[in-house]
Each structure stands twice: as structure tokens, then as C-alpha cells.
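This is the structure, below, for whatever I ask next.
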Amino acid sequence: MVGAANSPPEKPVGDRAARLSWLPRLQSTGERLLAIVGLAAFLAGTLPDLPAIYNSGLTVLCLAVAVLFALEYIVRLRQAPARLSWALSAPALIDLLAAAPVPLALALGASPGAARLFGVFWALKLIRLDPAFSLFARVLRNERRPLLSVTTVFVVVILFAATAAFVVERRAQPEAFDSVPAALWWAVTTITTTGYGDRVPATLAGRVLAGAVMVSGIGLFALWAGILASGFSQELRRREFLESWDLVVRLPLFRDLGAPALSEIARSLKVQNATADAIIVRQGQPGDSMYFIAEGEVEVRRAAQRFRLAAGQFFGEMALITGEPRNATVVAAAPTRLLRLDVSDFRGLAARQPKLLEIIETENARRRVSAPT
Amino acid sequence: MVGAANSPPEKPVGDRAARLSWLPRLQSTGERLLAIVGLAAFLAGTLPDLPAIYNSGLTVLCLAVAVLFALEYIVRLRQAPARLSWALSAPALIDLLAAAPVPLALALGASPGAARLFGVFWALKLIRLDPAFSLFARVLRNERRPLLSVTTVFVVVILFAATAAFVVERRAQPEAFDSVPAALWWAVTTITTTGYGDRVPATLAGRVLAGAVMVSGIGLFALWAGILASGFSQELRRREFLESWDLVVRLPLFRDLGAPALSEIARSLKVQNATADAIIVRQGQPGDSMYFIAEGEVEVRRAAQRFRLAAGQFFGEMALITGEPRNATVVAAAPTRLLRLDVSDFRGLAARQPKLLEIIETENARRRVSAPT
Amino acid sequence: MVGAANSPPEKPVGDRAARLSWLPRLQSTGERLLAIVGLAAFLAGTLPDLPAIYNSGLTVLCLAVAVLFALEYIVRLRQAPARLSWALSAPALIDLLAAAPVPLALALGASPGAARLFGVFWALKLIRLDPAFSLFARVLRNERRPLLSVTTVFVVVILFAATAAFVVERRAQPEAFDSVPAALWWAVTTITTTGYGDRVPATLAGRVLAGAVMVSGIGLFALWAGILASGFSQELRRREFLESWDLVVRLPLFRDLGAPALSEIARSLKVQNATADAIIVRQGQPGDSMYFIAEGEVEVRRAAQRFRLAAGQFFGEMALITGEPRNATVVAAAPTRLLRLDVSDFRGLAARQPKLLEIIETENARRRVSAPT
Amino acid sequence: MVGAANSPPEKPVGDRAARLSWLPRLQSTGERLLAIVGLAAFLAGTLPDLPAIYNSGLTVLCLAVAVLFALEYIVRLRQAPARLSWALSAPALIDLLAAAPVPLALALGASPGAARLFGVFWALKLIRLDPAFSLFARVLRNERRPLLSVTTVFVVVILFAATAAFVVERRAQPEAFDSVPAALWWAVTTITTTGYGDRVPATLAGRVLAGAVMVSGIGLFALWAGILASGFSQELRRREFLESWDLVVRLPLFRDLGAPALSEIARSLKVQNATADAIIVRQGQPGDSMYFIAEGEVEVRRAAQRFRLAAGQFFGEMALITGEPRNATVVAAAPTRLLRLDVSDFRGLAARQPKLLEIIETENARRRVSAPT
């Protein structure tokens, strides 16, 4: 199923190795933990009737979290190549919001309870550290025009609904619908289908109106969902292609394929990361995909046999060709970046790109000859 | 419309027949029924003021269900090729949860009422037995990164909303918004647009905040819906291709077509299962698809005529070519797996793959010659 | 912009004309009106404290509606080629439900008020008469497996939520959460984010649970929306292709194009119906599509000029080629079925199917020569 | 990275320049501001217990807004080529609704408070001025048939739910469910999952019914979202193609490419507008797209170097070819319309349209030769 241990491992792809290294991961995990500890302290600190001793302890804890984030901010600022432009970037502003407000508020004489409230900014750290966050940012930016238009329609419907409710309900419920702004509160809770129930139309006209508002709320929401669904689908496709293209063009295996073939292969491959010791393929399970190693190294375990495959090699293709279960277990020997080819795409690709099948079969034959018995 | 009875039936596709056999179906229906009976007993057992006699009866019933599931678990464990790895798999853990807790709780001295509560785990059996369940599991795994990011944004918005509500509402409603954790309850019921109405902002600032929270709740939800919609659409396409490819490559009819043609045909065919005696095509109805028999057998009924078609044959093509209504009724003679080709795909395929049309027409001509009159 | 009046009109496409004729339309409008009148009478009849005179009047009205529907049922039954199979079809059962229950209930001695309640079945007539209804039916049938699986997960989550709420809340609110079935009511109103507010968790554990239930409710709903979105998109594409293929193959204009070209043209054309006197194209407006007349006839109005185009001809192509506004107004002279080709598809098609552009230009030139000045 | 300053700038694309000019933008911003001021005055005017002085002031303000809109209406009417047809168009009717009702109501003797209520029509101005509004209008029109069908199903489910609730709940809660119309109110608030909580079923049957209504509400809503999602995705693709096709065919760069190549290029390019002084590309950032200038002019800044590129030229291609960060900052020197080619599309295009790559490389070489050092 997999290449032989003595086939010369291809030279590592190199400059990307750092991405998978443990240091940045550890740091981001540390930051996350610190933010969560800080948020817990901030939340606990708002509970009423807190004994003074806990109160002081929480203030110290919040201050400590802020100071650690401040130190981190200073280190990052000093390391930045262009300090001013870094300081004005969104991530840096979030770092600053996590570091400055709590100590500043205390220094300016705010009560500890009030100062601790600024700890809520630590929540932004969780967003800043989220790797997939830029994905939304981009979808929202791409689709911002239709989304804004729906929002405009939202606002206009709410204004009309509130005015109509004010006209038809103010006589029946003078205290609840005594002005259009007051009716706006009813309109917003109704169009979002929240329905607190603190203001409910009492007249027939008011109820017919309310029904129309609820249904148009659902419709407007469906419009948002529709826009975002189509935006996501486009962006996800774009992103996956880019990520796998980057890796495909570096694989020596595909060196002789022309650009159109590479482009189609890149469209079919999915990038998959594996941490060290993660089991990628388990012996005896049905095989529904094969893997190309883009970075890192894996260990193949079959009975007592153990051997390694390095970047540039592939495994799991036998199960796709024969349809039999996996004949070995494969474990990541280091943090590894794989390109997964699902069986459905494998068949389509093999049909349209006969050269790919040939490459896989040639390599397969070569391995068999040199395989340990 | 359909092939002749005396054309030699192709040999059955074989190793898949088991899938359609009645034994596993009966077993899974039995398990489902058992789970439903157990759940009914567990639910009834929680009603207050239950007469003692019913109470004991329900305990016995619950115990019986648990014991049956325990027996099943033991049989499966003994039959598993690798017992430990099976015991640690998700399905096996569900089987264990369905079998062990009720008797164990009783053995450890819990009251019958408390022990019966563990019967809720029988609900997991319903999920475990659901054939399409792995579909979500896969979609959720594929899209877990963007879904998690949206959830992070969800949590951050809730934290900010609760802190802001605490700041603006605590003076007006000191008992309802007396801490950020208390305000969190309001924020969650508002952002999900549940709106119990037990905590409602009273100040203007609080209401503006509430409106923003409701709208962002709808937006975040639309993001989830968007991600999942695009994930499902991708996974469903992938799955259908795989299923029909598996069957298409075994059809002797397509033996001479190259891989690219097969790949396109597989993309167009939809797998459809029919239980024995199910009517597949009804005489006189408009014909919008033709069928290839992948496994099983069908009976064709036209006036007093009756004849059978076996795996590898096809029917329903006449209605597609002539546009007339079905000229016969076709009934599954055994559990049958069909590949359906819709008329829209038929026309596209026939245009791009003239060989397919040729195969169908040749076979059609052959049948006419040998058809019974 | 359009063909000349004296170019010989192609012979009408024929057997479809009936579809556009006024008789079935009038009948279905009549049925709809009757159903709406009946529903209004049934609704009014349930108002309390109704004067006896109105009460009797409404009973007579309801009976009249039922009798008319009964007559229609009898006529249809007599006209059906296969009476029994028609009587068992879904539309016939709806017709029966609209006709029988009200008179039957009165005959069996029910009070008029109770008998009129069966008038609610008239609402089903509205669904039966809806032309797009079969679309959902098909999408729901196609996607029924994943939809059912989500529903199973829904039920399981509700059961677990109710059991957990029963455990954590029964001490705090013994009357509201006194059994799992009672807690189920809370779980359902919460997971659907309806939130009546009649049962609200009071303990911290209960609130955390409620938050989780609300969020999973939103998630499950997003799953449904995702499945249906992908199902609709597939089915709508399929349907549009079929409808336009049917018409494209009959247009003499495309007689010489091969099947692959026809298949691509059919994919690009959208079917559009116009009632008599409807304005299809307005002089001076920007032109973003051209039209092929599949059935019916249109009148072209340019200044004082008036001439007609029949089935098989096309118009509106000049605006696409020159980019200038429409140079004439085109009105449907009879109920007309058009095939619309949007400018974006026109350009793509013209690029990939040069023959189509040639056909349009030849026809265009021929018209110019014979055009009235 | 970018073209040389001394390469002769292509002649501007011309007749579109007006679109980007400041006058219409200023006017639409002015109209928006006026509408917002008017809406604020109208909202403030409905507050109870308003001092008489404010009251008069707001009336004057509302009247002033209406008069300004009236003047604008008159100017537009006089400038319209076909006055009557303009006056009957939707935008003109909105303009009329913004201008006439307030003064008319005052003239007819309505109280100032009542007259000001007509100010709500100013909200329609916000929709009329929204550039993306026509997008929905079109999606809604395209999908109106399935949307209407879902709405019919909605209405039918509500009618059945209300009738059933009337039957099962009227004995338990005679005042809340005393007629089917009264039960309709409950059904609407429940099926939209608004759940005010003012009417809650009390019987077991009523609650089971309510659960079914909530779930079908979610299902119907998911149907809407599904239809709209698929409609949007189709319409957005169509629109982007049209917009970029319009610009691509005018670029001298692509003059020698055939229509199929142009069609594919247009599909890949995204239109992007930049206001004067907007930074399009920032030195040192990763480069994920290249740009073609369709209209306007940009300034390239590298160290102390400054030079301009005009319409017809392109920049940013070096980062795509070498994968290195941007080597210059590019700023819009005037309102500029760009065609963006993302790196993923660049690679696909370059593979399938080798001529495009050639054009870019030739131009690139030419620039290098003539570039200032």
C-alpha cells in the first residue's frame, strides 16, 4: 500500500516547515488560555455581594492578565518591521485593547469593579487568534453590497411597521404604543421573531400587521441566508484551490504535468493537516481516499513492519485501486501537511488525466521492487 | 418499452446482494422498535403520582429492554474481528450506553425512578441506526473550521452584549441584570431570538442594544446556514457520484465505454432502491426517466403479459425517446437497486455521448426481434 | 429590431396551444375563488355570538360551496379514463375532501357549526391548484433521507434536553417540570426558538442547558435550510432545462443545429409566459435579453407602424448586438410562450456556438430586405 | 511590478467616465441625508408631551423636506424625455410619495401631528437610491413562483393549525381560542416562532399541535431560504459576468483574443471601484490578485519614485508570477474602475488561455525596457 522505507525520501519542501512548528501554536494556545482566564475573572467579578477578599483577588488577576498582554504587545511592536503601520492594523488594535484599558482605568481612579469591566475586550483576542476568521471577513466584504441593501429594506419595513402600529394601536394601548419610537421597539422584537411578549397588538388591524411583519422578517432573513450561502460557497472553493495549488506545484511527482493538468489536480485535492502521532489511515478500514505528503513525515505500520515516508511521497492508493480495506496503519511522525484525494475525484481525475494514473502506477511498481519483505 | 423475458438475464452483481437482504433490515427494525418501546416506558415512568403497580411494570419493561440490548452487545462483541478496537468505536459505545446504565444503576441501589432515567440513552440508538447519519457527520467535519469560527463570534457578541446590558440596565432593573452572568442569560435568549420575555430591557439604550443583538443573531445564524448549505451541496454531489460509479462500472452494458464516458454517465445516474412489490413505473403516466437494473429483478406487466428483467438490463427508455406515456407497469420482483436517468440528463448525455444512445438503440432493436407477441 | 410583417409566419407549434387557452385558466380561477369564499364563510362561522340569521346564511353558503365541489368531482370522475386509479390519486382525494365532509356531517346530524368546520379542507384546493407545488413535492422526495435524519437528531436532542431539564429543574419548579413529558413542552418551544415564556428555567444549570438547546435548534434548522437550498438549486436547473428543451427542439430556426448545440441552447433559454396584451419589451428601455416565440403571437409597435410576429420568430436581438435601447415596443397579441435569452448567456453562447449567431444574423438580414419602410 | 510612466497612456474609455463623476454621487448623498433628517423629524414628532415650540419646529422641518423633494420631483419631471411614462415608473412614484402627502395633508386641514406621519414615505427614498436594490427585485421576480407556492402552503398550514387549535383548546381556554380567527393569531405567532406567549395551548393535544406547527414553520422558512439562496447565486454570477464583459471588450490589451477567450476572461474578472486616493495595493503585503484599469488612473509609489498608469494598463502581475510580496504601493489618482483577477483564477486562466499569459509577459518585457531607473 505504501512506499518502501529505502526509497530515497524527497527533500523537504522547506520554508513552510515553520508554519507547522510548535512555537507559534504554543503561543497562540497560551494567549487563548490567558484570555479565557481573564474573561472568567471579569465575569466572576460582576457577581453581586462578592466577599472583599475575592474582589481584591479578581482585581489582581485581571491586572495580571492585562499586564501580560501589555508585555506581549510591546514585544510585538518592537519586532514589527514597520512599527506605525503595524500599530494601526486591526490585530494590533485588538492587542492594544486587550492590554491598555484595565490598567489605565485603575490608574485614572476608576473603582476596581468598573475597571475590570474592560476585561470584556479580551474576548476579541479569541477572534483575532481564529485562523478561519479572515474567511468571513472576506465573504462579508465580497457580499457587503447586497447585504447592506437587505438591511436597508429591513430598516424601511421596520419604520413602516412601527408607524402603522402607532396608528392602529395607540388608542387601544396608549401606554405601549404612545409614539413611533416606542412602536419601533415592538417592530424590532417582532420582525426578528424574538417576541418578548411585553408589547402585543390588541386590535384586529394590529394583529394582521404583526403577522405581515413576522412573515417579512422571515423573508428578509432568508434573503441574508441566501446571499451568504452563495458567497461562502464561492469563497470556500477559491480558498481550497489556492491552498492546494501552492502545494501541488512543489511536488516533484507532478513535475512533468502541464499547467492544465496541474490546475485540475489542484481543484481535486484537499489540504489536511495532521499533528504528530495522529492516525491518518487505520488498517482494516474501508479506504476512501489517497494522500500526498506535502510537508512532514509519516510512519507506516503493518504487522511488525515500520517504515517512514517523507514529503513528496504518497500512500493509500492501493485501497482506491483494488477497493479492499486499508492494509496498513499510517501515523504522522511529525506535524504533517497532506493533500487528500477522495475516491470520487480520483476516478474522475484518472479518467480525464491518464498521465496521473500512470505516474501513480509507475511509482507503485518501483516501490514494490524495492520493498522489504 | 422493456426487454424481452427470454433475453438471458445477466448474472447478478453478487456481493452486494446481502445489503438488500431482509435479515439486517429486520434486525435494525427490531432494534428501533425496542428503543421506541423503551423510550415510551422511560417517559411514562416520569409522570407524577403513578400507581405503584404501573411503576413496577415500567421498571421491569425498562430492565427487559436494557437486557436485550446487553445481549445484542455481547453477541456483537464476540463476532467482532478486533474486539478492543470495535469496543472503542462510536457505534459500540452507543450500544454499551443503551445496555449498561439502567441495570447498573439498579444494581448500585438507585431508586427505580432514577435508574429508568438512563433509558434516555436509547434515543442514541435511533441515530446510530440512521443510514444517512454519516452524511452530516462528514459535512460537519468538513466545515468544522468555519462553523467553529462563527461560534466564536457568537460567544464574543454574547459577552459584549451581556456586559453592555449590565452597564445600561443594572440601575433600571437591579434584580434582573445584577451581574454579567445574569445578563448573559438575557443575551442568549435574545441572540437566538427565543425571547422568553422574562428579562426585557427597559431603558432606551438597552432596547437599541437588544435590537442590535437580535439582528446580529439572525446574521450569525444566516452564516451557519450559508456554510452548511454549501457544505451539503458539495458532499451530496460527491456521494451520489461514488454510489453510482460503483454500480455503473459493473454493468456489462457499458463495458466498451472509456473511462471519461463512464465518469460522465456516473455523474448523471441517481441510485434508487425499491423494495419487493414496489411499483417503479405505472402504465399511462408520463415518462420522465429510464432505469438500469443494478441489482435484483423487476416484473413488467402489460395487459395480460408478464415477464421479468434481471440485473444488467434497462427499461423505460421508450417514453424518453417518443415522449409518450409509459406503455407498461413495472414492479420490483425482489429488493432491487436501480440507476435512474432523468430525461433532462438523458438528452444532455445522448448529445455528448453518442455511443450511449447507440448502445441503448442496439439493445432495443435486439429486444424487439426476440420479444413475445 | 424585429422581423417584418410580411415574412411568412411559421406554422404554430400546435398541440400545446390548449395549455394557454382560457378555459382551464378560468376554471382554476373559479375553483380558487370558490375555495376562498368557502374558507371565509367557514372562518366567519366560528365567531362567537353570531346572530342566528347570519349563522343559517353561512351554513347555506358552506353547503353550496361543498355541493359545487361535489358536482365538479362527479364530472371529473365520469371523464376520467381509469376511474378507480383517478379516484385514488392525491388530487382526486383532495377534491373528495372538499366535496364530501360538510354535507355528510350535516346528514349525520352534526350541528351546523361543527359541520362547517370541515370547510378547512377547502384550503387544500389552493395547494392542488398551485402549478409549482409539484416542485416542492419533488425536492422533498429527493432530499427526504437527509431531512429525516436531521429530524431524528432533532427528536433525540429534544429528548435529552427534556430529561436534563427534568433532572435539574424539578426541585426548583416542581409544577412546571414535574415529568419528562412536561419538560418536553419546554424543550420544543425552546429548540424552535419560539420561547412562549410560560416555562423558563430558573437554575443556573437549567439556563446553561437552555442556551445549548437554543443554539442547537438554530444549528439543526440551518442544516435543514442547507439541505433544501442544495436540493432546490438542483431541481430548478433540471426543470428549466426540460421545459426549454421541449420548446427548442420544435423551433424550425434551430433545425440544422446538432444535439450538443441544442443542449447548450436549451440550458441558456428561460421560458417566460405572457398573457394577451402584456408588454414584453418597452421602447427606449435598455435591452438585456432577446426572445424566441415558442407559441402565440406578438405585436410590434414602432411609431405608427404595427406588425405581428408568430411562433418560430424572434425579436429583441438588435439591442443585444448594438447595446442601444429598445427601438420598438412589443406586446403579446395572444397568450404567448417565449424563450428568453439573457445578454450574458447570449454572449457566451455566441462565442461557443458561432452557428447560432450566424442563424440570427442571416434571419436579421432577410428581414431587413423585406421590411416595410 | 507596474508599467513605466513614459509608456504612452491608452486613451480613456470615455463615455462611462460620467458614471464615476462626483455630481450624481453628491446628489444621491444629499437626497439620502434629506430623507434621514426628515425621518428623524417625523419620529421625534410622534413623542408624547412635546412642547408646543418643538412641535411647530418639527412641522416646519417636515414641510421643508417635503418641499425640497417636491422641487426635485418637478425638475426631474421636466427633464424626463417621456414625461408620462416617467411619471408612472416606480422610482417616480416614490419621488411623488416623498413630495406630496405631507403638504397635501396640511392643505386639507389635517393636524400637524397627523400630516407629519406621512413622512414615513421618505424611507422609500433610501430603497430607491440603493444601487443593489434591483438585484433583489430581479431575484424575487425570477423565483416568484416557488416563493408564492411556499406562501400558499404557509397559509394552508396556518388555517389547519388554527382550526385544530380551536377544536382542542376552546373548552380549556374559551376566551383565547373562542373562534378560528382568534386561533389564527396564535397560529401565526407560533409558526413564525415569534411566540409572544399571550396565547399558549394548555391541553396535551394543543401542545403536540403547537410543536408540529413550530417545526413546520422552521421547515417552510428553510424552503424560502433554500429557494432564495439558489436564486441569488444564479443572479450574482449573471450580473458579474455582464459587468466585466462590458469592460473587457473595450480593453485594447485583449483586442486580439477570440470571443471564447474573452468570454472566459470576463467570467474570471471581478469589477472593483476605487475612489480617488484609495490605496489599492500596499507595498510589502502578500499579492493575491492583479488589476486591469478599465477607467480612471492610478499612481504607483515605490520608494521616492512616482508614476502613473492610465486606463488599459495593468499592474500587480509580478506578485502573482513570483509569489513575492508587493514591491510598490498603488493609489487611485482619480475615481477608478478596476478589473481584479484573483490568483486562483489567474492560474486557471493562464493554463487554459496561454495567449493571455503571453500578452501579459510581452507587455511586462516592454515596460522593463522603457522603465526609469
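Going by the order they are written in, the chains are A, B, C and D; count residues from 1 in each one.
Just so we're on the same page, contacts are C-beta pairs under 8 Å (C-beta built on N, C-alpha and C of every residue); 3 or more make two chains touch, one makes a residue touch a chain.
Nothing here was measured: the structure is a model prediction, and the numbers come from that model.
Let me spell it out: compute each chain's centre from its C-alpha atoms, then which one is farthest from chain C's centre?
Centroid comparison gives A as the farthest chain from chain C.
Residue numbers at the chain C-chain D interface: does the shared fraction exceed half, giving same, or fall under half, giving different?
Chain C vs chain D: different; shared/all numbers falls short of half.
What whole-Å value do you get for the distance between chain C and chain D if each is reduced to the mean of its CA atoms?
Those two chain centres are 27 Å apart.
Mind checking the centre-to-centre distance between chain A and chain C? Centres are C-alpha means, answer in whole Å.
That gives a centre separation of 38 Å.
Return the residues of chain C touching two or more other chains; collapse runs of consecutive numbers into ranges.
193-197, 221, 225-226, 229-230, 233
If you look only at chain A, which of its residues touch chain B in the complex?
For this pair, the touching residues of chain A are 39, 42-43, 46-48, 117, 120, 123-124, 126-127, 130-133, 135-136, 139, 154, 185, 188-189, 192-198, 221, 224-225, 227-233, 236, 284, 288, 342-345, 347-348, 350-352.
Note which residues of chain B are touching chain D in the complex, please.
Going through chain B, the ones touching chain D are 193-197, 225-226, 229.
Show which residues of chain C lie in contact with chain B when the two form their complex.
Going by the criterion above, the answer is residues 81-82, 85, 145-146, 148-150, 152-153, 155-156, 159-160, 163, 166-167, 178-181, 184, 190, 193-197, 200, 207, 210-211, 214-215, 217-219, 221-223, 225-227, 229-230, 233, 238, 241-242, 245, 258-260, 262-263, 266.
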